[in-house]
Structure formats: C-alpha cells, structure tokens
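Two complexes, one shared chain (subunit A), two partners (subunit B, subunit C).
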Partner chain A sequence: MVALQTLIDGLILGGVFSLAAVGFSLIFGVLGIVNLTHGIFVVAGAYIALLLWSGLGLDPLVGIPVIMVVLFATGYVYQRTIIQWATERATVVASLLVTFGVALVMRNILQLIFSSDIRSISPSYSFVSFSLGDLRIDAVRVAGLTTSLVLLTVLTLFLSRTSFGRMIRATAQQPLAAGLSGINVPHVYGLTFALGAAFAGASGAVIGIVAPFSPATEAIWTLNAFVVVVLGGVGSPAGALLGGLLLGVINTMTAQYIGPSFTNATMFLVLVLMLLVRPQGLMGNAFGESR
Partner chain B sequence: MAITRRQVLRTTGSGLIAAAAARYLPAGSAHAQAGAKTLVFGGSIPMSGASAETGQNVLFGYRAAIKKINEDLGGVKIGNETYKLDVKMFDDASDPSRATTLIQRQVDEGINYFLGSFGSNIVLPSCAITERARRPMVQAGAGSDLVFTQKRKYVFGVFPRASLQFETSADFLKSLTPAVKRVAFIYTNDAFSKFQAEGGKKALEDKGMSVADMIQLPAQVSDVSTVLSSIRANPPDVLICCVHDDAAILIARQMVSTGTNVNLLYQTLGPQTEAYRQALGNYANGVVTQAYWSEGAAFKGSYFGTAKDFADYYRKNFDRPLTYHMASGAACILAYVEAMKNAGSIAPEDVRDALAKLDFKCFYGHIRFTADGDGDPKLLGPLIVQNQSGKVEVVFPEEAAAAKAVYPVPSWKDRA
Partner chain C sequence: MRPLSLKPLLALVVGVAAVAVFTGLPAILPPFYIRVLQVFFFSAGLALSWGLLGGFAGYWSFGHTAFIGIGGFTAALVSSHLLGGGGTGWGMVVTVGAGGLVAALFALVLAYPLLRLRGIYFAIAMLGVGEVFSELSSSIDWIGGGLGLTLPAGTDLDIAPEVFYYYVFLVLMVAILLISAATKLSRFGYGLMSIREDEDTARMLGVPTERYKIQAFVLSAFLVGTLGAVYAYSLGYFSTPSLFRVDFSLNMIVHNMIGGIGTIAGPVIGAAIMVFLTNVVLGSFLSVHLLLTGALVVLIVLLAPTGLLGLAARLWQRDPPEEEPTSPTRERERRLTNEPAE
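This part shows the complex of A and B:
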C-alpha cells in the first residue's frame, strides 16, 4: 500500500512537472534554443492567475486560456525581437546568454511589481482530498494532473493534426526545405516560441494552486524543465509527459525508500546517467535526424 | 609660471580623493554634513530571492529604529558629540556569494559597523569577513551554531543560537495536557534548520519526551506527499517543522489537503508571516510558532517605550505588516547605540567591547549576549505563540501568556 501511495504521489507530481516542461521541450526541439527564461514564463503565469483570482474571482484553471493568450503574445514578441536579433547576429548559443540575462531582468521586474513575498493561490478546492481505501489523494494535485494531461493531449493533436502543426514539424526537421516550400520560417519560430511560452504560463496557473511561489522560484522551474527534457527527449509532448512522470516518481520513490533529503541528489544522478547512456532522452528527438 | 601636466594631475587627483572621502568616509570617522555627524551602518539583506520576505521585514526594523532616533530623538549623544544614524544596506538577493562581495566592498570603503543579513547561509560567510576586519556585526538573521561557536569576537545576535532555541519550547510542550509523548521533526538541510532540529531533539529528550522521527528534507522542497504519508501511518502527538517560510506553507497546505492530522503542528518559521496566513486562511488557526517579540509582551525601556509603543510607532510610519522580525531589526540598532553610549566612543574595538558587556532593557526585552555573542537564552529565548481565531496570541511562558494554548487542536476539516 505504501508503494502504491508513493507511486500515485509521484505520478501526480510528475504531471505538473510535465506540463511545466513541455514548452521548454518544444522550443528546444524546434528552435534549438535552451530557453533560460522558461521559469519566468511559468512564474508569470502563476502571477497572472493570482491577479485573475484575487481581482476577478476567476478560478486559476478557468483562467488558463487568458494566461495562455497573454504569454503567447509576449513570447512571440520576445522571440521576434531579442532572441531573433541575438541568433541572427551571433549563434544559437548566444541565445543562452541572452535568455539568461533576460531572466535576471524579468525576475527583478516581477519583484518590483509583485514584491518578493511568497504568494499562493487558494481556491475553494485547494484543501480537499479524497480517499480510495487507505490511499489519500490530494484533489488540487489531481486537478493539476488532469489539466496537464488535457493540455498535453491538445498540444499533441495540434502538432499532429493541424496544418500549423505540420508547419512547425517541417520547420524543425528542415528549416531550409520548409522555407523553400513557402513557409515563413522566422514567423513559425516566433509562433512556436509563443506556444511554448503559453504552455509554460498555463503550468504556472497549476503550480500556483499546488505550491507557494515568488519571483525567485523561477530558477527551479527552468531546472526541472531541463531535467524532464533530458529524461524524456526533446520536442514532443509525449517526451515531456514521460520525463515529467519519471521525475515525479523518482522524487517520491527516493523520498520514501532512500530518504527525503536525497531527492535532488538522485534526480541529478539520473540526469548524469541519462546523458551518458542515452543523451537523446527516452523518446529521442521528436524531429528526427535534422539536429 | 607654466603649469606642468604632473601638477594638473596631482591637483585633480587630490580633489577627487577629497570628494570621494567626503562622500564615503564612514561611520566612526563621522563625516560632517551641515554640522551633524553621521554614523553609518552597513551590510546586505535579502530584498530579493528566497529569503526576501523575511529579509525585508528585518530591514524595515532597521529603518524604524533609525527614523525614531534621528527624527524623534534628534540623534544620539556619544561622548560629547551628537550623531545622526544612517543605514546603507544592499540587496544580496539571498545569495551568499553576492553578500560576501558586497560586504568586502563595504569593509574596503571603511564602513565600521555592520548589521546582519537574513539566513545563516548568508551571515556565516559575511561575518567571517567582518570578523577578519575587526568590525562588529549585530544581526537578527542567523541562528546557526556555526556563527557563534568558532571563537568569533565581533559577531552578536539578538537570538540564542539555534541549538538553544528550544528550551522554552520544551517547557511549553511539557506543560500541555494530555502529556506529549511522541514528537517528530521535519527539517531542511541548511545551516540553521539542522542545528535547530538537533538542539530541539536534545531539549525535548532531556524533558522526557520521545522523538520518534527526524525527517530531513533537501534545502529546496517542492513536494512532501511521501513524508506526510509516513506521518499519517504513524502520527506523532506533535509535529515540529524546522524549515523556512516557503517550505512551511507547502507542508501545511499539503497536510490540510491530505488530511494529515496531528495534535499540534509547530513550525518555527513561516506562521509569523502574512503570506502564511493568506495561504492557509482559517487553517492557520491552531498552528504554533516561535516569536522573539510580541507587542503584547511586558517589555519596556528607553527609545521606544513599551512593546506596544513600538508597534504603534511602526504602524504609524510604515505600511508593511508588523512581525517580530521588525522588532529584532530595531533591537540591533538600539544595541549598537546603547553600546556606543556606554563606551563613550565610536571606535569599532570599543564598541565591540561594550556590546560584549551590554545589559540593557528595551521594548524588545532584556538584551544581553553570551560570551559567544548569541543572545542569552534565558533572556532572549522565544515566546511561544499560536494562531487563534485569526490573531497571534502568546501562549507560553505563562507570565507572558495572553491566551491559553489550544491543545489538542481540532482536525483540519473542523478548522475550515
């Protein structure tokens, strides 16, 4: 029973990790950019959810479409200006420094606007749990997991079934050929980045209801996303889901059977092993041999 | 007469040096500004990063004391001179390496008196620099034993060291009916929490209570569901969390949502903050914590008057919600000023010696340091407070108590 409870806790936690990482994975897979501003998008999503909830009484999960629209627009403008300038004038690697710098600036701006105090979002169902026999399941985390699964499914369908999804995949696989076929590659890069930012913002709404947050917590979510992508593979929602669930289960199993203080150590040990044994991640690169 | 290039450089250089000295000449050197001399206190504080909320609380305490002394009392007379006070605190972003850079720069610039940052991990490397420079530091943000047990002479704290902070708590738990038999600790792996939990375990065992579990979490916590499962499987009478603010909120929220009930939840940091009460709402009721000061306490002395007077003064002048950290920060400034008055000197070595001998009463309590520099545990130990019906009430020691402790507390669902 303890093992089952631990597994369920891990899967629920992993669902949140997955959603928080999928935007990072998509941007990494399509644009080849390690977006160190990712955690900022996550935390910004949490703050927008907090504003909607405290100002308009809008449930954070119901507010997700609004959050996604705001961050989609922000992400598009950010990619088409700062990141595009950096990658055109230098290399893709320059984006690493640029996104790191922007993350530092944005963290301070968030702090100026919202202060550095720790915030939480506590909707009516925040403290509800239900039992299945001896198993205890935290309702708010299940809501988070469900939201994650729904959004990841939507993204999968979007990438596989829509013409825009095909454009993204084509651009990721062969940018030159995509361009020759009439696809506006810089525009697709901008939209893909925007999509990644929108999903990061959506995960922020979920994270805001399950854990306290402040501008300083952005770094953790960038780091978690990086680990998830290394575990699961780059570019696909399925890879992010697998990586996230695996990370969640590793966390809880380590806490239960080795010791709670070893969770981070185990996480990074698995990360190093993965990079040594299967650097492309369990699901590999969703966009094949192009990179 | 022709002016040479060398003369121009010499004259310009001396002018620049004189201007820089007028701007930066610190503290004891007492630069004159329109007749008034100013004592400058330096240091770093988390205005951003993980410890920012509490760091800013301490900073507001520093500012409150400076404002009171400068504006209401017209400065402070030391020897034959009257001085105004100034504080130059920089944001260390809760980052020890940034803090040490800032502190070293201030030492190099000649700052003679330092105030503390918040967090033992930051104060530890910072105080190593001020100690080497023989400049005193009075701080309200580091309780780790490592700050006070390495034979430093210039570092003082207005709290007892972490391992001695549980004496009052042990007495409090011993006073509860029905008797507390089993206690579990959850603590994060950082320089403060670990010492506090280990000191707490010893204090409780000395009083005959059994410590069933010592559960160590990593310094950054994102989930405690597994830990709470094991707590539910074998619940202690009292669960004590030696963790920082964000982890305290996370643990309490997950306890509520998973229905993890214990007779008493005691969290050493977190419940004092506004963020905690906002996050938990009614569920914060019944949670016990430590407070090194309460506005209801019967402390009084010069400068602010009573504890209540300090609270009134603070609220009149500042918007940030009052916690005990503001009082602790203000107490650091008062300790410095009183030591300087006793010494009749502003020389750092004299101020250090006077701090070591300090024995004075104020709104914060009876300030006296041990030979190691931490607060005397008998005089400066924490009050035990409990959230009751949305208010923070002192419940122990009995002579300071404004309310009776609720124990056992109702289950979470009865607190909704």
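This part shows the complex of A and C:
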C-alpha cells in the first residue's frame, strides 16, 4: 500500500517536473543551448502568480496565460540580445556561462525585490484531499497534474500540427536549409526560446501551489530540467513527460525507502548512469534524424 | 601560450621578483590584506589546477569543488581517526597528502566513466558528482559533514595563523604554477591541447587521448584535493557547506575565462582581479554580490571571450590571439552535444 501511494505521489510530482522541464528541452533541442536561466523563468512564473494572487485575487492556474505572455516577451528579448551575442562571439559552452551569469544576476534581483524568504501560494482548495480506498490524493496536486498534462498536449499539437511548429522543427533539423527555404532562423530561435520561457513560467504557477519556492530554488529547477531531459530525451514534450514521471517516481521512492536527504544524490546517480548508458535519453532526440 | 615560450627569461625574472615580493609582504601588510592574498593564492591554485583539464584538454568541469571537499574531509578524518586528533607540523603534511591522494583516487575511479562524456554533458555530470559527494558527506554519519569536523592548528611554531597559511598557500600556488608550465611545454601538454582542438583527429594521429585525459583529470584532482585539505586546516572547523561550495566550482571557471583559458598566466591574473574586486572593492556591497559577479561573467563572455590575455594580444596586435579551433562549426556542435559521429 505504501509502495502504491509512493508511486502515485511520484507520478503526480513527475507531471509537474515534466512541465517544468519541457521548455528547457525545447531550447536545448532547437538552439543547442543549455539554458541555465531556466530555473529563473520557473521561479519568476511562481512570483508573478503570487503577485496576481495576492494583488488581484487571481487563482494561479487562471493566471497562467498572463504569466506565459510576460515570459514569452522576456524570453524573446533575452534570446535576441544576450544569448545571440554570446553564441555569435564565443562558443556554445560560453553560452552556458552567460546564462549562468544572468541566472546569478536575476536571482539576486529576485532576492532584492521579494527577499530570500520561502513563499508558497495557498488557494482555497489547498487543503482539500480525497481518498480512493486507502490512497490519499491532494486536490492541488491533481489540479497541478491536470494543468501540466493539458499544457504538454497543447505544446505537442502546436509543434506537430501548426505551420509555426513545422518551422521550429525544420530549423532544429537543418538551420541552413531552413534559412534557404525562407525561414527567418534568428527569429525562429528567438520565438522558440520565448516559447520555452513561457512554458517554464506556466510551470512556475503550478509549482507555486504545490511546493514552497524562493529565489534560491531556481538552481534546483534548472538541474531537475536537465535530469528530465537526459532521462527522457531532447526536444519533445513526450520525452519530457516520460523523463519527468521517472524523475518524480525516483524522487519519492528514494525519500520513502532510502531517506529524504538522499533524493538529490540518487537523482544524479541516475543522471550519470543514464549519460553513460544512453546519452540520447529514452525517447532519443526528437530532431535527431539529420543532426 | 606563446608569450611564455618566447620570453621564458622575462617570465622567470617576473616570477622570481613576484615570489620575492610576496615573501616579504606579510611583514608590512595588515592582517586583512594578508588574508586577501591568502584567498588569492588559494583561488589561483584552484584555477590553475582546473585549467590542467579544462584549459588544456577542453573538458570543463562544473563540479571541481567535489575534490576540495574530498581533500578537506579526508584530512580531518585521517587526523581524528588515525592520528588521534593530531596533525600539526609534519602531521599536517601527512593529512594534506592523504587528502590529495584520496581525491586523486576518486578521480581515477570517476575518470573511466565520466571522461567518455564530452562538452556540456561532461560539465553537467561533474556538477552532479559535486552534488552527490556534497550530500553524501552531510548525510553519512560516519563522515559527519552535517555536524562539522575540526582540524588542529597547522603548526606549533610561534607564528600568526594567517601568516602561516599565507606561506603554505603561496608555496602551493608556485608549485602548481610550475607544474602547469611544465605540463604545457611537455609532450603530455601538447597531447591535451590536441584533444581540445579535435579529439577524434588527435586520437587518429596516435595521441593516447584516453590515457592523457585520465592523467590530467587525476593530476587536477590531486592538486585541488591538496588545496582543499589546506583550506580546511585554515578554517579549523568546517562542515559540508563550507567546502562543497558551488561558487568554488564556478570561480575556477570564471578566473580562467577572465584571464584566458588554456594559458598559464591567465588563471592567476583572473584570480587576482576577481579576488581583489570581490573582497576589497565590493566588500561592502554584500547584498548585490551575486548580481555584480554574474554581470561581470556576462560582460567577459560578451566582450572578451578569449580572456584578458587574448584581449590584450588583440589590442596590441603583437602576438595575435590563439586561433579558435579550426574545425568546422558543425563538427564543433556535434562534439558539444555529445552525439556520435555520422
């Protein structure tokens, strides 16, 4: 029974991990950039949700569109300026350092604005939970999981069905050929980055209601996203979902059976093993055919 | 680095003069500046050790602080379990040596799996390694990083502790500087640099890439472990967060980038600038410390991607900066994303 409860908790947590990682995965898959600012987008989303909730009384899940618009705009500007400059002038590894530097700046700014205190958002349904037999499930977590799944489905459909999604996939596969076919590649890079940022922000709203957050937690979300991508594979929402669910289960199982202070250690052990055994992730690279 | 190999005499004169000045400085400096210089020697030593693998071979480790921790914890455990709380004088040589050796041993074990990864994947795997060792050191009761460990004073001579560690770190930094320079000019060093430029080609041309990478990794870990053990001594009492610090890992990279990656003088210059800036100039702006460090990192990557040495060379136009790897962009991208060759 405990095992089943742990498994379900893990899957629910994993759904949130998936949403938090999908933007990172998209940016990594299309632009080839490991965006260490990712956690900042997540935490920024959570803080915007907090502001909307405390200022206007807007439910965090209802506020998601607003958050996504704000982060979409921020992400586009950020990519077209700093990140584009860095990749043009230096190597891709240097972009790792630039995003790290920006993450430090932003974390400090968030600390100055919101203080380092650990915050959380508790809407009316926070303490509601229902039971299935002996299993206990919190309402917020179900709401969070549902939101995650809906958003991941939307992104999947967007990438596979719309013409803009096709542009993104084409650019990921062959930037040069895409450019020759009339696609404005820098613009698509900017929009893809913006899309990744928007989904990170949306996940921040979900995280705000299921888990406490502070500016310093951004590092955890960046690392989580990386692990999810390594587990599931680069570039596809399905890979992020699989990786996220796995990570969630690994997390709760470790906490239950080994000890709560070993979750990160297990996570990285799995990460390193996975990199060695199957570096392309379980689902492979969604844009892999021609890379 | 071309300037050093072309002007070895100049480098020697500057080096000897600098060592002479640094040897005499504690007599006239107030304790605060002795400590700042001590931090500078420590940071420069770390940056140089990181550069053996990151600068020469192009394998950027984002988790080298793991070896600082392993070195420090080993020294303290050897002191308390084997020396009965001793470890002063010659005992310190034993504990610090043990710290370096255990760090090297761990590196040897990690090297086989980890050095198969390239680019970003190696960087992140090392970040993970740092995290795992950090958590284990605080969660395993036998190690005791959660509660903290103590080390005795390093010496029983009648000398102020900051002056004693000043000299220890100075000696270590000079030793590491010489090791780096010797490596850079050796066959081994050229092998490492060929790995950085194009590992597959290097291997095809008969460079024992696997062995060289492992040797560089183990040497780098040994030096960082030694520095970490001495750093633990200089703290006296330490716990997991005082040694396993992500900012240590980051600083090693930043100091290299500021000065110039793959050079000998670069990491030292980078460490000097950053330590002076963060300890002396920005000492009173603690709340925006992260912001300023981050902004500086961004500026350097954008304005001087080859570091200050590269920038200086470009400005003076005397020694053109070292060319970027000449491999085609696609080739480089493939390496960075760790995908198998077509």
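Here is the rule we use: the second predicted complex is superposed on the first by the 288 of 291 C-alpha atoms of A that agree within 3 Å, B and C clash if a C-alpha of one lies under 4 Å from a C-alpha of the other, contacts with A are read in each partner's own complex, and residues count from 1 in each chain.
Going forward, contacts are C-beta pairs under 8 Å (C-beta built on N, C-alpha and C of every residue); 3 or more make two chains touch, one makes a residue touch a chain.
Everything numeric in this text was worked out from a predicted model, so none of it was measured.
Touch criterion met: A:A90 reaches subunit C, while subunit B stays clear of it.
Contact with neither subunit B nor subunit C is seen for A:D59 once the two complexes are overlaid on the shared chain. In the superposition on chain A, contact of A:Q5 is made with subunit B only, not with subunit C. In the superposition on chain A, no contact is made by A:E218 with either subunit B or subunit C.
Within the superposed three-chain model, A:A139 lies in touch with subunit B and out of touch with subunit C [touch as defined at top].
By the touch criterion stated above, A:S120 is placed in contact with subunit B alone, subunit C being left untouched. Look at A:N108: by the touch rule set out above, it reaches both subunit B and subunit C. Once the two complexes are laid over each other on the shared chain, residue contacts for A:N264 go to subunit B and to subunit C alike.
Shared contact residues of subunit A with subunit B and subunit C: 107-108, 111, 259, 261-262, 264-265. Considering their complex, residues 32, 34, 82, 85-86, 89-98, 100-109, 111-112, 219, 223, 226, 230, 259, 261-262, 264-265, 268-269, 271-272, 275-276, 279-280, 285, 288, 291 of subunit A touch subunit C.
Looking at the complex, you find that subunit A touches subunit B at residues 2, 5-6, 9, 12-13, 107-108, 111, 115-120, 122, 126-129, 136, 138-141, 211-212, 214-217, 220, 224, 251-252, 255-256, 259-265. Within the complex formed with subunit A, the residues of subunit C that make contact are 60, 113-114, 116-117, 119-121, 123-125, 127-129, 131-132, 135-136, 138-139, 246, 250, 253-254, 257, 287-291, 293-298, 301-302, 305, 324, 332-334, 336-339. Of all residues in subunit B, those touching subunit A in their complex are 46-50, 52-53, 56, 94, 189, 215-218, 220, 222-227, 229-230, 232-233, 245-246, 249-250, 253-254, 256-259, 273-275, 278-281, 283, 412, 416.
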